[in-house]
Every structure is written in structure tokens, then in C-alpha cells.
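Both complexes shown next keep chain A, but they swap its partner, so chain B is in the first and chain C is in the second.
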Partner chain A sequence: MGNVDLEHADMNFRKELARQPGGEKISACFMCRTCVASCPISAVNDRFHPLRIIRMALYGLKEQVLSSDFIWLCSSCYACQERCPQGVSITEFMTLLKNMAAKEGHMPAGIRAQLDLVKGEGRIYPIDDFDNKKRAKIDLPAVPTTCGVVKELFPE
Partner chain B sequence: MTDVGRHPRIKLHTLSEVVDVKGYVGNFDVRILKKARYVDEKECTACGDCAEVCPVVRPDEFNLGLSSRKAIFSPFPQAVPSAYVVNINECLGHNPSVCAKCIDACDKGCINFHMSDQEIVESVGSIVVATGLEPYDPKELDEYGYTRFENVLTSLEFERLINAGGPTKGEVLRPTDRKRPRSIGFIQCVGSRSAKKGGNYCSNVCCMNTVKGTLMLKEHYPDIDIKVFYIDIRAFGKGFEELYTRSRRLGVHYLRGLPGTVEEDPDRSLRVAVENTATGKLEIHHLDMLVLALGIKPASSTQKLQEMLGLQLTPDGFFLEAHPKLQPVDAATRGVFYAGCAEGPKDIKESVTQASAAAARAIRLMHKGEITSEPITSQVITEHCKSCGKCAEVCPYNAITVDVKKKIPAEVNAAACAGCGTCAAECPFGAIIMNHFTDPQILNQVEALLEEEPKEKILAFACNWCSYAGADFAGVSRLQYPPNVRLIRTMCSGRVDEKFIWEGFEKGAPVILVSGCHIGDCHYIDANHWTEKRIKKIHKKMEKSGIRPERLQLEWISAAEGIRFARVMERMEALRQSVTEEEIAETIEILKNRKK
Partner chain C sequence: MKYAFFLGCTIPARSRNYEVSARRVADKLNIELVDVKEFICCGFPIKASDQRSSEIMAAYNLCLAQEKNLDILTLCSSCGSALTEAAHHLSEDDNARDEVNEHLAGAGLKYEGNVKVRHFARVLFEDIGEDKIKEHFQKELSDLKVAIHYGCHYLKPSEIYDGFDEVEAPRSLDELVKLTGAEVVDYQGKKKCCGGPVLPVDENVALSVTKEKLDNIAVTDANAMCLVCPFCSVMYDSNQKSIESEYDTTYNLPVLYLTQILGIAMGFDRKALGLNMNVVKTKELLSRYFSKE
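Showing the complex of A and B:
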């Protein structure tokens, strides 16, 4: 880890976060590290570190937090949130950061592809004729291969 | 403890429960339920022959279930009085004769199954509440696996293991294989400093208890590997830092970071995942045994006792002292004192200090045989009282008794009354006289202060303890503030009756200020809550009748806030200047019409 550059820190970022669901209590964090020790992602990938993300957000490193890809690594298992003694809603905070990042246009290609797939097909895993053939073999009714109605949910 | 049992002037009631407390300072009647012991306390020599023949085996509470006892037992060797006791719910019983082996075994014939619970009434002058604490139950902290893994112990269980008088005679053994552990971990803040599980306060004793545990372990087994997982080590007392340093010098590994998960290895040792703050890396520690440093919780009887004695609790659930700095052992109710963890988490030394202070405070109150109290108390005019019960509801000291159903008029207990005057302010029928701060006295002051040029004046009510003292402080500090403030002192802001405000406005006051101690600092427990409620009510009434509510202000000013007092007065002056003569005249008109 390099030096923390506070030159371009956005001091209003923590206030902006505190106003939104999930970010209300992040400043209560007293760095006991229960979240990190509970996290199944941190256990296998040291790039993901809930505490560090919270601290970066509190320092006002808005650009760095929102443009990073590590916020997308959270698996939303809620282990950290369940165990946080200070009652910080860490998982909901991650969701908040993801939403903010998406609004600012920072979204990893994989997530973007998934989103487009849902928008277009209504499903992440499309069903084709092959699946219906297999279903027919065991007397299951065919399901529609397209789900165009989803488009109405996402007006451009 | 034995000294207390032997003292000729101390009466000790064991196996007893306080059922009810009536009365006031100097004259408390305490109703006590003394449960049957089924053993003659005076005759029993605690020889233990009865327990030897008793067939009922139960977990020993004193050793936290790490050993067993019989249905007839002595809780621990130093127990006072030195006599055995029968747990009648566990005993097989003798009628019809099922067992009764203990009766045969007792040579002195002390055992008597015909004993029954007794009710005793004791008259006492003062009461010291020393009801102790309850350890936090770590079952809900599932990540530490207390219920799942046998080798995870609580700090109390560990204490019994390492204690020479404990079930293992001081030998630390693993519960699963009865072998000496090669490594032990301690997790701090279990049930402390948590907004969700346990208390959000620091339990005060767990850090030093762990340090003591590590020192004892190192003394017993110098080669043992000890790790302490903590957030902050709070070694703040006399000699504490030295103990902590000694523990570290002996090689105890203090590791900053709370574990997230604890899992069990096939050999029943434990795998603890924790991020070490020093390295910033997630570490897995393999330990033979894990000790959870439990936090302190208020005793479960606290609430019941609080209702019985009319005491107050802090948000944490401990008893609230009359003043955090100046009266740390007194309850707000006169004649009641606190000692030990009933008042808040504390260690032995502090408990002894507080208990000594409580005893001295009680003696100071009682030794003369009579007490002097302030003449500032309230008094009910029985003929005017409609027995509505409002006064009894607002009294912070439960000093007023009134029977609403039977329409028995209110009566003030002068010894219990502290003189805040909230009852007099709240009485809708003017049936309560607040001695030394009567309605005519205050109304005359209002009239006198607004006699000349009322539109130039700021009328302010200030409570004796905070705001009036704050004004004093502003004065002696030579602070500049508008000279047209006219103060009326009351003992508490709770005394400020609605009619004083209306009288003020009717006599042409442009603005009125009501000030008192900050919420939570009230010298009459919580009387200023009623001030706040009352002012809100008056604001609504003002709005309804067309008087600008801003003209009545409520401010909390403490005795140390001289600067704040001056600032508030400057604000009041600005507000006063905004009130025109026409507005004042209109208000007077409105109030006069209202009277008609």
C-alpha cells in the first residue's frame, strides 16, 4: 500500500454517505477488525478488505473508492454486518457504494454484461430450444425462450 | 465476609429476598422473604456427613458446572453462615419417606424438613444497594462458538480452573481431554463495547482480569503460549500498566484485532481467524483453549429493586447516582446509597472504596438520630385537592401519595420531598403551596419587575442550581450582557407555573425566558422534563390565541456556562427588540379577554 493522498480528498463524501441508507453509521467504526476476520472474501483475496474500504470512504477518497473494482468483490454474505459490534451496516454500505459507482459510470465489464443480459433477455442464463427439448423429454412444459416484458421495467 | 457474619451489630439475612420497601429516610420498613434452609443455621457445624449420603448429584453453581454438588450442600468452603442448605426442588423429599438419608446421617439432628419460608419486616434508617452484577452470556455471540466447542471457556470458568480452590486444584486442564493446554487465547470485549450484543459500555475489569490470568498462567507454566486478542487494553488503574508490561515481558502475545470466526480442529483445538493490526494480514491461530473475557451486565433484580425504592437507572441499566461527581454513592432518594457493580462496572478495589463511602454516608445521616431537612417543601391544601393524581405523577421522589380511585386527597411526605415545586406548578386547582416559592411570592416578583417600562425588560426564570449559578458565573467573569434582564429564582425550572408566564405577558413583558439545568443534569432527578413538556404546551396555547410563540424561550444553561448565559441574554435582547409596542398591547388585550 502506498501513501494515502489526501490532497484530492472530498471531505463531504462521508456526509453524503451518511445521508443514504447503509452509510448512516460508518463513522462509528472503531477498527476492531471483526469484519475482516469474518469475511470469506478477505480470506482468499487480500485485495478485498471491508475495513480499508470504510476507512477510505471516511477519509473522503471518493474517486478511488468508487472507481475501484474491489467494491464489486463483496459477496453480500452479511457475516461482517452480523458481527460488527458497532452496528455498522457493512453489507448495505457496500451495496450503497456499488449503486453510487454505477451512477458515476464505474462498473466492471462483467457486471455490465450481466446487466445488459438481464435488460435484453430478462435472464442471466438464457433458455434456448435445447433446454426445452430436454424438458420435453421428462414431460415438463416448455418455457418461453425470450422474456421481452422485462424491457418495460427498464425504460431507457 | 466472615467478619460480617460474626459482627454483633450486623444482622445478616441469607437466602432472603426483599419483597417490598415502604417509608422514607430514617423510617424504611423492609419486607423480607426468608426462604427455608431446612438446616438449623446455629446448630450445623458444616461437617458434611449429610452431603456424603445424599444421592442427588447436581452441577455446582459456584464452580460454574465444572464440578458437582449434592442436593444438601454448602455453596463454597467460606460461605457465611457456615451451615449446609437443602435445595428443596432437587431433594427427593422425605414425606412420604423417599430418602431422608441426610436426617439419619446428621448426628446433631439439625435437618428439619418442616421449616417454611418466613416473612420478616425490618425497620431501618438507611439502605445500601449492593446487588452486584451478572456476567454477560456469550451464547448469542455465535462466531466464538461457546455453545459448540467445549474448549471455549468463559473468563469465569477459567478463573475456577486456575484457582487453587477450584475443581482441578489450580491445574489448568482442557475440558475435552483433561490435558494441560500448550496454548491459550483470550478474546477481549465479549459483550462489552458493542452496540448490538451486550452493553455498549466498557466493562472496566475484563482487561486487567485477563492480564492477571496470563500472569498466573506464566507463573504456573512458563512455557505456555498465550495470545490475547483485543481492541484496546485499558490498564488505567494504580499499578495496572506495570502488570500489563510484566505480562508482555513474560512473552504473552498481545495481538490487536478481534477474531471473526472460531472453528474446531479434529483434535478439538481451536482455529481462530483474526486480522492482526500490526501486520494488516489475516492470520489463523491454532490454540488448545480459548477464554472469552466476559463483560459485566446489571443484575437481573435491578429493575424490581428500582421500582421498589423509586430509584433511577442509566440507559445501560445500572443504578443512577444523585450526581456523577459530587454524590457518586448517593441515590437521588434520600437515605439510599449504592456500593459496587450495582451502580456500574467496577473492580474490587473500587467496590470496597465505594462501599466504605456508602457506609460513611449512611452513618453521617443516621448518627444523630434525627435529620434536618430544608424547609422548602410543598404542602397540600386538602380542601382544594380534587385527588386527580397529577402531583403524584410528576413528583420525581414519589413523595406524594394520593388515591385517585377512593378520592383521598394528596399528602406530601416532607422528609421525602426535595422541594423542586413541580407538583405546585402542575396542580390544576392551585391546591399545592410550595413553601418559600409560593404563587403569590413569584407573581408579586413578576409584577414588581415589570412595574416600570415593561417593554424594555427581559423576564427570565432561572433555576437555583444551574441557570442562576450560570448568571452568577457570567457576573463574576465580568462578561458583558444586556443589563435589562430581570431574573426570578426558583429552585427548579419545574416550578415555573403556566400562570407565571401568562401573568408576565399580561403585565407587558415582551419576552420571557425559562432556563434550567440541561436535560439529564437536573438536580431534582428529571423534574426539568416536565418543564420541557409544559413549555411545549404553552407554546401551542400561545399559537392558538395569536401570540407569537417565540416570545417564550426555553434554554438549558449550566452553572459553568457563564458565556452561554451571556449569549442567550444577547439573543433574548435581539428578540425583545423585534417585539413592537402594538404587539405587546395586543397580547395584553388577548389575555384580558381570555380571563373574561
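Showing the complex of A and C:
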């Protein structure tokens, strides 16, 4: 990593985060790296580094964080959150960042596809008649092939 | 004992072996599973992109259970965590419940906040217990050496699971597997994630996480893996071949659901437990437990 460029830092980002679930306690981070040591993703790929993401957020590097691809590498396994000695809800914080990024239109294609599928069809693997045939063969009950209620839950 | 049976999305489409074996085991133990065909996705897959919608979907499912006056039983750990988390949040936070109920009103429903959610393995460990399970065993699974994978959302975040097991030293699945006479084999990185949630983001990263655990099990004398989540199974069973060819290695490690292991001990046959649907073949490993095949 080179120098941190604070010229475009958004000093309100930290406050914006602190107001939302998951972001309340990030300023308590004292950089012990327990999160990094516990992270199964950091263990195989150095693009993902929870401590660095927390620092970037605290420095107000909003645009850099929210438009990054690395926040999406968090597997939401909660290993870091369970072990954080400062009680930072790191996994929930990552979810908060991903949600904010998604709202601004930054979302990996696979994540967008899942969102459209789930909110459109009500299932991530929609069931068809062929699935139900395979289910019937081993005496499993049929599962509906359509889901109308998502339109009632999410109008428009 | 009676539960609304929450299958979720992955199980009815891709993990019928888990479903069929779980139904057999539940039936044997007198756990009545009520199918609710109106259940939709638990919301977990969209938590990363749209947490609010995710909770609305979870709450809708909780409402359907509430209508039947039942608690929910899940087989999938991710479904379990999404529904348990929503149940916790909405029982404690009246404002959040009011907000969610505005959406549920569109479907003519209102959530009161009292439904409980339990993973099947938790019910076996906590409520059914050793003695009642062992009563139904007909076979001793000696020679089976099992590497257990707890996965993440079966136990975490711990604050929603009432301390039924220890996150840093989990034992519920170890104890259930040991009941069958099988040996539980310890290995490095036992508590680590399968990598599954990263699959739609970066397949290489996800499969490297999966591979690390397969490597760690390969150096032990374990001859099978045991898990309780269909998405973990997608990573270790369905993707095992592609990891082998990508990295030019061989594991040939059968991946069994807890309910299949218990079901073998209960004397069910191979097909009744969906063992013919496991991707990594189980026939050689398990032949000693089945008579004429």
C-alpha cells in the first residue's frame, strides 16, 4: 500500500456509519489484527483485509471503499466479529458497507443476479416441473413453481 | 414435537439427499414436520445487497409459521441464521417490527414477534438427546472416521443462538456423530468457513477457501466429512471434483449429511437416505453397513 490520499476524504463518513447498525463501534478498533488472523478469506487472498477496510472507513475514504470490489469478498462467516476484543460488529459492518455500496449501484454481477432472482421469483433456485418430478420419484412433496407474494411484499 | 418445516431454496432443488434423510430421521424420532408450501426464500442471499428486504422476507416466513401456531425447523444453516436473526430482532425492537409489518400488510399479514427458529441438529442435541436417539440405532458405525464441518451460520452470530453450543469449542455435532460409534477426527482449521458466500463474487477465492479445508482433512485419517448445511455441501461435495481438476490433486472424500450418518445407524437403506445422490461416491466407504447390494 502506498500513501493514503486524504484530499478527497469525506470526514462525515465516520459519523454516517456510526448512526447505522454495524457501524456504531468501529472507532473502538485498536488495530490488534485479530480480525485478519481469524479471516478465512485473508488467509487465501490478500485483497481482503478487514482491518484495512475499517481504517479506510475511519479516514473517510468513502468513495474508495464503496466502489471497491474487495468489500464483497467478505464471506460473512462471523469469525472476526466473534473474536473482536473491542466488540466491533465487524461482519455487520461489512454488511452495512455492502448495502451502502449496492444503493449507490456498486454490486458484483453475481450479487445483482441473486437480488433480482430472489426479489422477483421468491427463490434463489426457482423450482420447475422437472424438479417436482424428481421430487415425486422419491416421495417428496411438490414445491410451488411460482411465487406471487413477492409482488405484494415489494410493490412496483 | 411438531415444527413448520422450512426447506429454503437450495434443499428442494439441489440437496434432496439431505431432505429425504432428514425426513426419515425426524419420522423415526417422532418429530412431526409440517410442510408449508407458501414459504419463500429466507432472505439470506440478499442480506449483503439489501438487508431490509432480506428481513421482510424472513418476517413473512415467520408469519406463516405464526399462523399455524408452530415454531420453525430448518435444515440449512443460512436459512437458520437469517430467520433466527429476524426473529430476535423483531421480538426485541418494536419499531423494526412496525416497519416490517407495513410491508407484510401488503400480503395481509402481521407479525407478533413470538416464533422460534431451530436448526434440526440443535433440536437433536438440545431437545431429543442422546438416549432417545440411541434407542433407534441398529448399527454401530465403527470404521467410519469423520471430519466434522460445523460451518458458520449454524453457530454464529452467537448472540442469536442462546448459547446452545460454544462457537470456539463446538461439540454438538461431535457428540451426535459419536453416538453412532463413528470416530470423530480432529483437523486444523475445523471451525473455518466453506467459502460458499463468496462463490457469486469470485469463484477462485471461494474455491481456495474450500480447498484449504479439504487439504487439512486429507492429511488426517478421516474417511468422510459430516456437515449440516446444503451450501457447505455444494462447496465440499458438488465442487470437490472441480477443485481436484483445477489443482491437479485427489481427495475422493465422501461428504455426508449428519442426517445420513444417523440414518445409516438407524438401519435405513442407501436409497432411503438419498446416498445415491451424493456427488462423491459413498458406496465403497459405506458398503459394510448395507447388506445385499
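Simple rule for what comes next: the second predicted complex is superposed on the first by the 155 of 156 C-alpha atoms of A that agree within 3 Å, B and C clash if a C-alpha of one lies under 4 Å from a C-alpha of the other, contacts with A are read in each partner's own complex, and residues count from 1 in each chain.
Here is the rule we use: contacts are C-beta pairs under 8 Å (C-beta built on N, C-alpha and C of every residue); 3 or more make two chains touch, one makes a residue touch a chain.
Because the structure is predicted, anything quoted here is derived from the model rather than measured.
**Q** Please determine whether it is chain B or chain C that touches the greater number of chain A residues.
**A** In the superposed model, C touches more residues of chain A.
**Q** Once the structures are superposed on A, label A:A43 by its partner contacts, choosing first (chain B), second (chain C), both or neither.
**A** It touches chain B and chain C both.
**Q** Is A:G87 contacted by the first partner chain B, the second partner chain C, both or neither?
**A** So A:G87 only meets chain B here.
**Q** Is A:C147 touching anything from chain B or chain C once the two structures are fitted on A? First, second, both or neither.
**A** second
**Q** Could you look at A:G105 and tell me whether it touches chain B, chain C, both or neither (first, second, both, neither)?
**A** In the superposed model, A:G105 contacts neither chain B nor chain C.
**Q** Applying the document's definition of touch, where does A:F30 land relative to chain B and chain C: first, second, both, or neither?
**A** So A:F30 only meets chain B here.
**Q** Tell me which partner A:W72 touches in the superposition: chain B (first), chain C (second), both or neither.
**A** After superposition on chain A, A:W72 lies in contact with chain C alone.
**Q** Going by the contact definition given at the top, which residues of chain A touch chain B in one complex and chain C in the other?
**A** Correct list for chain A: 43, 79.
**Q** Which residues of chain C touch chain A in the complex?
**A** 7, 9-10, 12-14, 16, 19-20, 23, 35, 37-38, 40-41, 43, 45-51, 53, 56-57, 60, 103-104, 106-107, 152-153, 156-158, 167-168, 191-193, 195-202, 205-206, 208-209, 212, 271, 274
**Q** Quick check: in the complex, which residue numbers of chain A touch chain B?
**A** Spelled out, the residues of chain A in touch with chain B are 1, 28, 30-39, 42-43, 46, 51, 79-80, 83-87.
**Q** Spell out the part of chain A that touches chain C in their complex, as residue ranges.
**A** Residues of chain A touching chain C: 40-41, 43-45, 48, 69, 72-73, 75-79, 81-82, 91, 95, 98-99, 102, 107-108, 110-115, 118-119, 122-125, 127, 131, 134-135, 138-144, 147, 149-150, 152-155.
**Q** Which of the residues in chain B come into contact with chain A in the complex?
**A** 143, 189, 193-197, 231, 256-261, 273-275, 277, 280-282
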